[in-house]
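Next up: some structures, all given as structure tokens.
Shared between the two complexes below is chain A, which has chain B as its partner in the first and chain C in the second.
And now, the complex of A and B:
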């Protein structure tokens, strides 16, 4: 029997009563995904999750760009924990993988060096007169969806099956580096056999593609993308992944990190414009979905409420493969119902 | 003359970042930056470990420490439990505090980051926000991004966002009372001081 290595590396994921912390990048590029996550938890699973209006950035992008000192970041984290404490929650769920890494780093440093946590308490008190408790459980929202993947399955209208061939869809899963590479014990399957997304794909009928650069970084690189002159680093690393996955002909890419999702989508457009190259056979590009979008789609949520129209690589070929029923005319309508002017069509990335 | 090794040791992170490096080079083998730049994290660990003050000063003034992308793949792989990516953070912080960052092209880019990411945090409470991702500076975002920005008030609510609204939700306006607490944290913990060291008094 095949040995399932990931089975040896599990972690505790709280069952209910979560404190949700929003992601700067997710809110910016794919706000529909965060709305979908809350809807899935509340409406499908009947869970309690707090969306606190007083939260703010964890400073993670600034920390890894070296414009925010560690002492500042750990105290901002302490303030976020104080909001959780104030609301009576103990299970912290940060939407962003960078945040997840930052929280894990702060908690580990406090554990190794209790004087540092005392310093954070002093800083926070001096700055805000606030106090905090550390979370009992801290997981990424993709962990929560993973935990309930089999509970969600009977509620799903669709499966990851190609309706034209009857075969499982072939999926590339890309896990954000800061999910398990920094603190392997905090990721399902650790860094070697991360199973958080693969578990969803397999539970919902698809098959996972294993390819040589599966664990390579998406290329974000913080300052390597944020500074325009440095972006060659970012796109070169993403291109390396596309070249590696191309021969396996993936139907789509699934991500759990907000940044990775944006880069794997937008760099396909850029590479197409620069080199007239796409990594699928038909020239559409490979659709890139967030795990919230995928879960919502299979549950039958409207693709245009999930926000799939914000992806540069168009999703319709994938929706058609799964057999998802959708209204093409609704794609470019706003909340008012007004049909908005259509976006400009890319020159080299095909769309119908 | 300042002792740079002692200076680096003041950073709470250095004990975990560099315990004992045996120069195996696995960090360099896995490093995305090493594939793109003339960059070798093994040599950086070695330079700091050897403790030669002149070499460390040269490193702090170089482009080299600014090549890392902070993916932290090195942490997973190091057989000795070092974290070269974290050592880079320690070196970058020291380079900024000591004013060495401005002697390299890549280091000088920190001013741009202070004036975008750090400013975003202090002004609106987000590192990144759609209002501040200008298509002119982000051509890679493509026409969909321009379309979204042009019609965000009509599209964002359809996606469940609370764009510039009060109360909870994605892209809400963060209350001034909360922002003020974040700003005080920056003042108390040295965040503002670091900005002054990088941008000067005028900012």
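And now, the complex of A and C:
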């Protein structure tokens, strides 16, 4: 039997009473994901999760681009912890993998150098007159879904099975680098064999594709894309991954990081426009889903409420493969019921 | 094709499957001193052509043994065959012969054609 190295390492994930922190960019690019996560936890699992309206950035993008000094980052993180303390929670769940990495880094620094924590306390007090406690448990939302994947399975309407062939769907899982590559013991399965997304895929009927560049960066890389002239480095990383996964013919890509979601999705359009190349057989591109979107879809949530129409690579072929019922006419219908303008169609990426 | 203000950088990965062992064997047969090369770069430092163009013997040597043949024949054409590199090589590698015979191999000329004949020195 194949040896499962990930079994050797699991991490502690709190059972209930979470304090949720939203991502800066997900609301724009994958706007239904965070709402879906809150709905899954509250309605499906009956958990208590706090969504505080006073939250703000963790400075992650600025910090990793060298425009925000670490002292500022520590103080901003301290303010987020003070919101959690004020609300009476101890289990911190940041939506973004970059935030998760930043919090892990700050807590690690404070553990080894308590004087830095005292400094952050002082700065926070001087600026806002607030105080904080450090979280007892800090996990990524994908960890929470992973923990409850078997509890969610009986509630699911669909499985990751291709209804035309009866075979399991072939899925590429991509884990954000800051999930476990900075602090391996903070990720399920550590850095080399992260199992957090693979566990969901296997539990829900799919097959995970193991391809050569599986652990390669998605191309986000912060400084790589901030300056237009440097974006060639970013897109080269993404292209390398696509070239590597192409022969395995994946049905879709599953990610747990906002940056990976965005770049694996949007760069497919850019590569198609620049080189007239798509990495699937039919020319639609490979759909990219967040783990919340996937969970929501399998639970039977409406794809348009989950925000799938805002993806660059359109997901209808995948929905058809799984057999998900959806209303094509309501794709661009707003909450008010009024039809929103249809986006311009790309020249090379196929859409129906 | 759309212009987004940047281009896709070319990958520099080395695919070991693309190395053609027979090319290296042929070259060693034609220029036996090639096996003494330690990659010091003395030839490149003293190269007259390299002073005016991007011709780089050491890079060409690396590309050849790594199976990165794309564009190599054009690069080799930049050599003037002056032989200054021969004079500085600390290991006595016949670098001029190396260049000429690399050109032949890349042009698809069989090593057998030259067996028993004097290779260009």
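One rule holds for everything that comes next: the second predicted complex is superposed on the first by the 352 of 352 C-alpha atoms of A that agree within 3 Å, B and C clash if a C-alpha of one lies under 4 Å from a C-alpha of the other, contacts with A are read in each partner's own complex, and residues count from 1 in each chain.
The rule is short, and it goes like this: a contact is a pair of C-beta atoms (placed from the backbone, for glycine too) under 8 Å apart; a residue touches a chain by one contact, two chains touch by 3 or more.
The shown structure was predicted, so the numbers you read here are calculated from the model rather than taken from an experiment.
In the superposition on chain A, A:178 contacts chain B only, with no contact to chain C. Using the contact criterion defined above for the overlaid structures, shared-chain residue A:352 touches neither chain B nor chain C, since it reaches no partner. In the superposed model, A:239 makes contact with chain C only, not with chain B. By the touch criterion defined above, A:210 lies against neither chain B nor chain C after alignment on the C-alpha atoms of chain A.
Counting residues of chain A touched by each partner, chain B versus chain C, the larger count belongs to B.
In the superposition on chain A, A:282 contacts neither chain B nor chain C. In the superposed pair of complexes, A:329 makes contact with neither chain B nor chain C. Touch criterion met: A:270 reaches chain B and chain C at once. Of the two partner chains placed by superposition, chain B and chain C are both touched by A:231. Residue overlap on chain A between its contacts with chain B in one complex and with chain C in the other: 228-233, 235-236, 240, 270. On the chain B side of its complex with chain A, the touching residues are 11-13, 16, 32-33, 35-37, 66, 69-73, 75-76, 89, 92-93, 96, 106, 109-110, 112-114, 116-118, 121, 125-130, 133, 137, 139-148, 151, 154-161, 166-172, 174-175, 178-179, 181-182, 184-191, 194-195, 198. Of all the residues in chain C, the ones that touch chain A in their complex are 1-2, 4-11, 13. Remark: chain A residues 228-233, 235-236, 239-240, 270-271, 273-276, 347 touch chain C in the complex.
The residues of chain A lying in touch with chain B in their complex are 22, 24-29, 31-32, 34-36, 39, 51-57, 59-62, 64-72, 75-76, 79, 101, 109, 112-113, 116, 123-124, 126-128, 130, 177-178, 180-182, 184, 191, 215-217, 219-224, 226-237, 240, 266-267, 269-270, 304-307, 309-312, 333-336, 338, 340-346.
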